[in-house]
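In this document, chain identifiers A, B, C, D and E correspond to the written order of the chains, with residue numbering beginning at 1 in each.
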Amino acid sequence: MTNLLLAFDLLLSLTLVGLAAAALTSREPRRAVILFIAFGLLLALVWARLRAPDVALAEAAIGAGLAGALMLAAARRAARGARGPGGSESSAGQD
Amino acid sequence: MIDWLVLAIAVPLLGSVVAAALPGRASAIGLATAVLTTGSALAASLVVAEGGSLRSDLGGWGAPLGIALAADGLSAALLVMSNLVALGISVYALDYFSGGVRRHFWPLWLLLWTSLNGVFLAADLFNVYVTLELLGISAAALGALSGRPDAVAANLRYLLVGLLGSMTYLLGVALLYTELGTLDIGLAAEALVPGPLAHTAFALMLGGLLLKAALFPLHFWLPPAHSQAPAAVSAALSALVVKAAVYLVLRLWMDLFGPVAGPGAGAMLGVLGAAAVVWGSWRAFRAERLKLLAAYSTVAQVGYLFLFFPLLAIAPPPEREALLGALVLLALTHGFAKAGLFLAAGLLQKRVGHDRIDELGPAIQSLPVVGLTLGLAGVALIGLPPSGTFIAKWILLAESIGAGQWWWAPVVLIGTLLASAYVYRLLANAFGPAAQAEPAAEGALAPIGRLAQAPALLMTLVAVVVLGLGGEPLWGLLEGVGP
Amino acid sequence: MYGLGGILLFLLGVWSFLVHDGLLRKLIAINVTGAGVFHVFIAVAYRGLDAAPDPVPHALVLTGIVVAVSATALALTLGQRLERPDD
Amino acid sequence: MIPDAWLPAAIVLTSLVPGLLIFLLGEERQVLRTLLNMAGALLKLALVGWLILGIYEGRTFESRLTIAPGLDLVLSADALSVLFVTLSSVLWLVTTVYAIGYLEHSPNRSRFFGFFSLCVSATVGLALSGNLMTFVIFYEALTLATYPLVAHRGTPEATRGARIYLAYTLGGGAVLLIGAVWLQALAGPVVFTQGGMLSGVSGEHEVQLVLIFVLLLTGLGVKAALVPLHGWLPQAMVAPAPVSALLHAVAVVKAGAFGIVRVVYDVYGVSLAESLGLLHLLAVLASVTIIYGSVRALSQDGLKKRLAYSTVSQVSYIALGASIFGPVATIGGVVHLVHQGIMKITLFFCAGNYAETLGVHRVSEMDGVGRRMPWTTLAFTVAALGMIGVPPLAGFVSKWYLGLGASEAGSDWVLIVLVASSLLNAAYFLPILFRAWFREAPARWPDEHIPAGRLETSGALLWPPLITGALALAAGLFAAAPASPLEWATLIARREYGL
Amino acid sequence: MGVRHSLIIGLLALIGATLAWVYWDALIGHAGTRLAGLALERVPESGVSNPVTAVLLNFRAYDTLLELAVLLAAILGIWSSGPEARGFLPAGPVLGALTSWVVPLLILAAGYLLWVGGHAPGGAFQAGALLGAAGVVLRLSGEPSAGLPPLPWLRVGIGLGVLIFTLTGLALMALGQGFLTYPAASAKWLILMIETAATLSIGATLAAAYLAGEPVPARSTTQQPGGTRP
């Protein structure tokens, strides 16, 4: 385990936990969902690093993609409930 | 040899898919599946009764790799109870649900049934997680069927709490897998050595399951969820779903964590159980609405079940058999009685449009059969003589005094007295002055079909008479259970 | 090392679930908790750069993810049903 | 013929099955209901007769059903239980006839008769129970069956009285349960054995045995209406007359007394009870109740209330009999169980007649009742004199034996209690008789129903008191006859003391 | 609020510490192969070469069956809660172009993933997810039915995966093999068949889930893009 790899792992883990903390503590729902989607993608990256390609693919497609899309729709409706409606294109469906 | 265990799960699953695909004939399919599933479950239990235990490895792979379904005396007894109650509920639901809701009810109900059978037959830790999830999701979805805002909110909270419980349970499984390398309960039990990891995993899994079994401090989600759901669903929730979680705690306690689960953990469960009994009975006594009363009495009854654990932890073999039998008998009786009570409550609500206890007088009078059902269910809940609960409480008291832990006795006493108080409040107006005054003056009382009243009555009759007097074979069935 | 990260995520999720009370926040908390647990599973499955990893936890995590997403979908719909029961 | 094992169970079923069937009957099926009732009662009498013959020949009867490991439901017949079963079945038959007449046109009678038969089967089951657990089961079942009867009328006071009754009896039941379970945990399954099961147990459980006895006594005391726990009895007088007659004179109250006798003789055994000083405790409690009951009866104007308080004191005679060490006192106590039942039921029947035919509820309204209803008042007089203990009647026999037993055992203060209570009985019964026979009848009775026939009231209401009155007389006069209650009591005492 | 807050944090920290220590000790102590060795050597018998798919669809097939049931339960729950939410505005030119290009690509990728699952990372769930994503994109670009077939067919669609899975299992049991025990020869094709059915039903379910309610049958779609039919 070269210490370069160790450094990379450490970096990955820290950003992962940082992202999760940011997503959870942010007040505004839409911001939380965006951060959550980023968290999902990073998680997929970490799992790819841990030689779990199938799971990484699934996490990216479902965990970040679909769950994110659903949450975005819900956040948008929640926000729209607060102010006027605004259709928006969301970053859905990564390949 | 037909593998009954697999049928008990595959048939309801298939039924739910077909019912989902053909909403028009949902109830016909539903009933047919109900009958078939109960048949296969009973057949499986019969085989277990003779053979001691039944195991089938799915997919033909050995235990460590593949998943196995196992049924021993304990799971057979609960399987029989839950299938019979579910059959009763299905017959009841035939005319309880109106057209629109019906096509949503049947597929979800059969999925719930599948997961119930799955929990009782599971022998693989991860499989238990997936089945618990299926149970939680279908139960929450069914609970929110009525669409009323407070019902949806209560069931949403139930879903979230259930998810958290499952995640904690899963972390426990992860830790176990880290150390033992296997997911099958049997193999894990052999490999498990009582150490820090075993205790932590035990604590996590127990915590998750207690959340789902709604033991005292973690019961907050149960009353609103069970009282808002439609009657047929809340009957299933209270009688079966909570029982599945308690069954799992018992299964883990005895099979997997035998050496780890010392008297300390037992005492803690006992204390929580005692608090549940007193708090649940008290809140039930103060409840205004019948279904809320029934929901709180479920919290109390779960408390009773957990009162057995401190004694189980220290009882030598002969008493252990008696205690185990008493625990299962109490679970079965409560299952039947509570289901009967909820169904009867549903009938009353349909009859007069509300279920405020103090104004149920005329409704009970106009439906003598429902009155009798309420009476019988009350007898079983309090634990008066002819019911199975009486015998279970008798054994619990005898063993608690015998084992020197006499302090459980006053708890049972308080619970019984409070239970009789709230059942009395319910039945008082059956004999109340309203009886003579005006039989059914206010508003047209909805006609209640004979068919709808039958399952509730039958279930409470089983709870009081069959389990009361015919309890003996239960101990025979439980011979080979547990270390 | 990743396992510790997974446990940290689990704790973060549980903490957020207990403290925050918005539906969306709770759902994210649950997904984070789930991610933490799956993280532990995958970390356990990892057996060095060269050796092939242990497939069983991978399958478990796959199932777990799908289950988590379906539960989230149901929860979101029920939540949305709460806010606007009319339409 | 019915093999030995099934006879006790058959006896219980003869009233259980008709009861359940009656529940299902519609309100208007009067004839079928009466038929069922009568058939059940007569069949039970026949079976009881068969049982008596069996016991005489020394055969034993036992039907056993195991409910759980170490717990089984046992119905076995021995001398004491047969006595109580005979009493119950005879009086059940008579009361059913009376109830049919009494409830001629009142609503939901199927429910009434259903619960009525359930209650009797519970009493018979209780009498025949072979071990403490079966006893507790039937004891609680009795509470369940009697509650609806007390609350039958549905009037607010009925509901209130029933609630008090339920509170007392359920509390008592729970305490009894705790005591029984504690005893079972201590000494294994508690089977009623001649001469006491625990007599062999060594002394080291001393304190626990005393505590258990107190628990059992409290549990049974509720039903036997011992002083502190008797509150429910006067309240429950709100129930219809046949209910108060059978239940509060025979079934419920006697169940408590019967329980005390069982516990003292067949669980603890007289010698052990004596050594632990329990008998002394029981004797004091019983005497206090006797005096207290009689004193309160003096001041009661309501006829049924006065009878209720007299029941409170009379039942404690049985407890007193059990608490005096010696066969003679036991005979007195046990035989009083039967006599008091017969006499008290006659009094309640007559009270019911007065209320039903003349609308007379209070003692003060009973002037000249004797002229208007000679036959009922005659039966009332026979029973009242019996209660006081006038020589030829049944009451005298039991008081005589109690006094004899007390003097033999050397506890003279019991004699004083007996004499004082007899005087008090006279004090509250004689004025009633005086009013009934020698006072002028009022111009118009409060609520008079002129019956169709030539009799003073409807047949079904008149004959039962007369029959039980005659029985009371016979029990007194033919005390020495072979099959009389006294003979039977001596048989029991002889077996208990192993003479 | 502060006290409770810090109490929770303290408690969680404590649990975290024990967890971490216990986990670390277990991980170091047992560098054993756990199920890896056993699983990897049995993979050839399973009819597919990708170990994860082998475990997923052969060794622990029952878990996957239940997982599909969970998906079914979720979508049924969503449908039972009421009608679907309002659709989105029709797409602008840019989005329209993007969709007409992305959706076929997604469906093609899904098909590829499905096929490749046998011997390389990929499989039913990932392919199903992509199909779901295609449905979501269609929904976002103003297509009200998200490319899903009309309701009666959709109801069959969501149950397809579980149906095929259970039927194969029962059929195998009827043939005396035992539930879900694939005979070695036809294992590959059986698994592929099950995977296809699973992909279709997962795609349909996930897309329908995005509708957040029961699709209103009145609205029949005009043009039928690829949708879930390959």
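To be clear about the criterion, a contact is a pair of C-beta atoms (placed from the backbone, for glycine too) under 8 Å apart; a residue touches a chain by one contact, two chains touch by 3 or more.
Bear in mind that the values here come from a model prediction, so they are computed numbers and not experimental data.
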Count of steps on the shortest touching-chain route from chain A to chain D? 3
What are the chains that chain A and chain E both touch? C
Can you name the chain whose C-alpha mean lies closest to the mean of all the C-alpha atoms? B
Name the chain whose C-alpha centroid is most distant from the C-alpha centroid of chain D. A
When I count C-beta pairs in contact, which pair ends up with more: B-C or C-E? C-E
Averaged over CA atoms, how far is the centre of chain A from the centre of chain C? Could you give it in whole Å? 12
CA centre of chain A versus CA centre of chain B: separation in Å? 39
Could you give the separation in Å between the centres of chain C and chain D, each centre being the mean of its C-alpha atoms? 69
Separation of mean Cα positions, chain E and chain D [Å, integer]: 74
Can you tell me which residues of chain D touch two or more of the remaining chains? none
Pull out every residue in chain B that's touching 2 or more other chains. 65, 126, 130, 133, 137, 140-141, 144, 147, 152, 171, 175, 177-178, 183
Residue numbers of chain E (touch at least two other chains): 19, 23, 27, 33-35, 39, 52, 59-60, 63, 67, 70, 73-74, 77, 81-82, 85, 125, 206, 209, 212
All pairs of touching chains, each written as two labels joined by a dash: A-C, A-E, B-C, B-D, B-E, C-E
Note: in the complex, chain A contacts chain E through residues 53-55, 57-58, 61-62, 65-66, 69-70, 73, 77, 87, 89-90, 92-95
If you look only at chain A, which of its residues touch chain C in the complex? 6, 9-10, 13, 16-17, 20-21, 23-25, 29, 32-33, 36, 39-40, 43, 46-47, 50-52, 54-55, 58-59, 62-63, 66-67, 70-71, 73-75, 77-78, 81
Of all residues in chain C, which touch chain A in the complex? 1-2, 4-5, 8-9, 12-13, 16, 20, 22, 24-25, 27-29, 31-32, 35, 38-39, 42-43, 45-46, 49, 52-53, 58, 61-62, 65-66, 68-69, 72-73, 76, 79-80, 83-84
Per the touch rule above, chain E residues touching chain B in the complex are 18-19, 21-23, 25-27, 29-30, 32-35, 38-39, 42, 58-63, 65-67, 69-70, 72-74, 76-77, 79-82, 155-156, 158-159, 162-163, 166-167, 169-170, 173, 177-182
Which positions of chain B touch chain E when the two form their complex? 2-3, 6, 10, 13-14, 16-18, 20-23, 56-61, 64-67, 101, 104-105, 107-108, 111, 114-115, 118, 126-127, 130-131, 133-134, 137-138, 140-141, 144-145, 147, 152, 171, 175, 177-179, 181-183, 196-197, 200
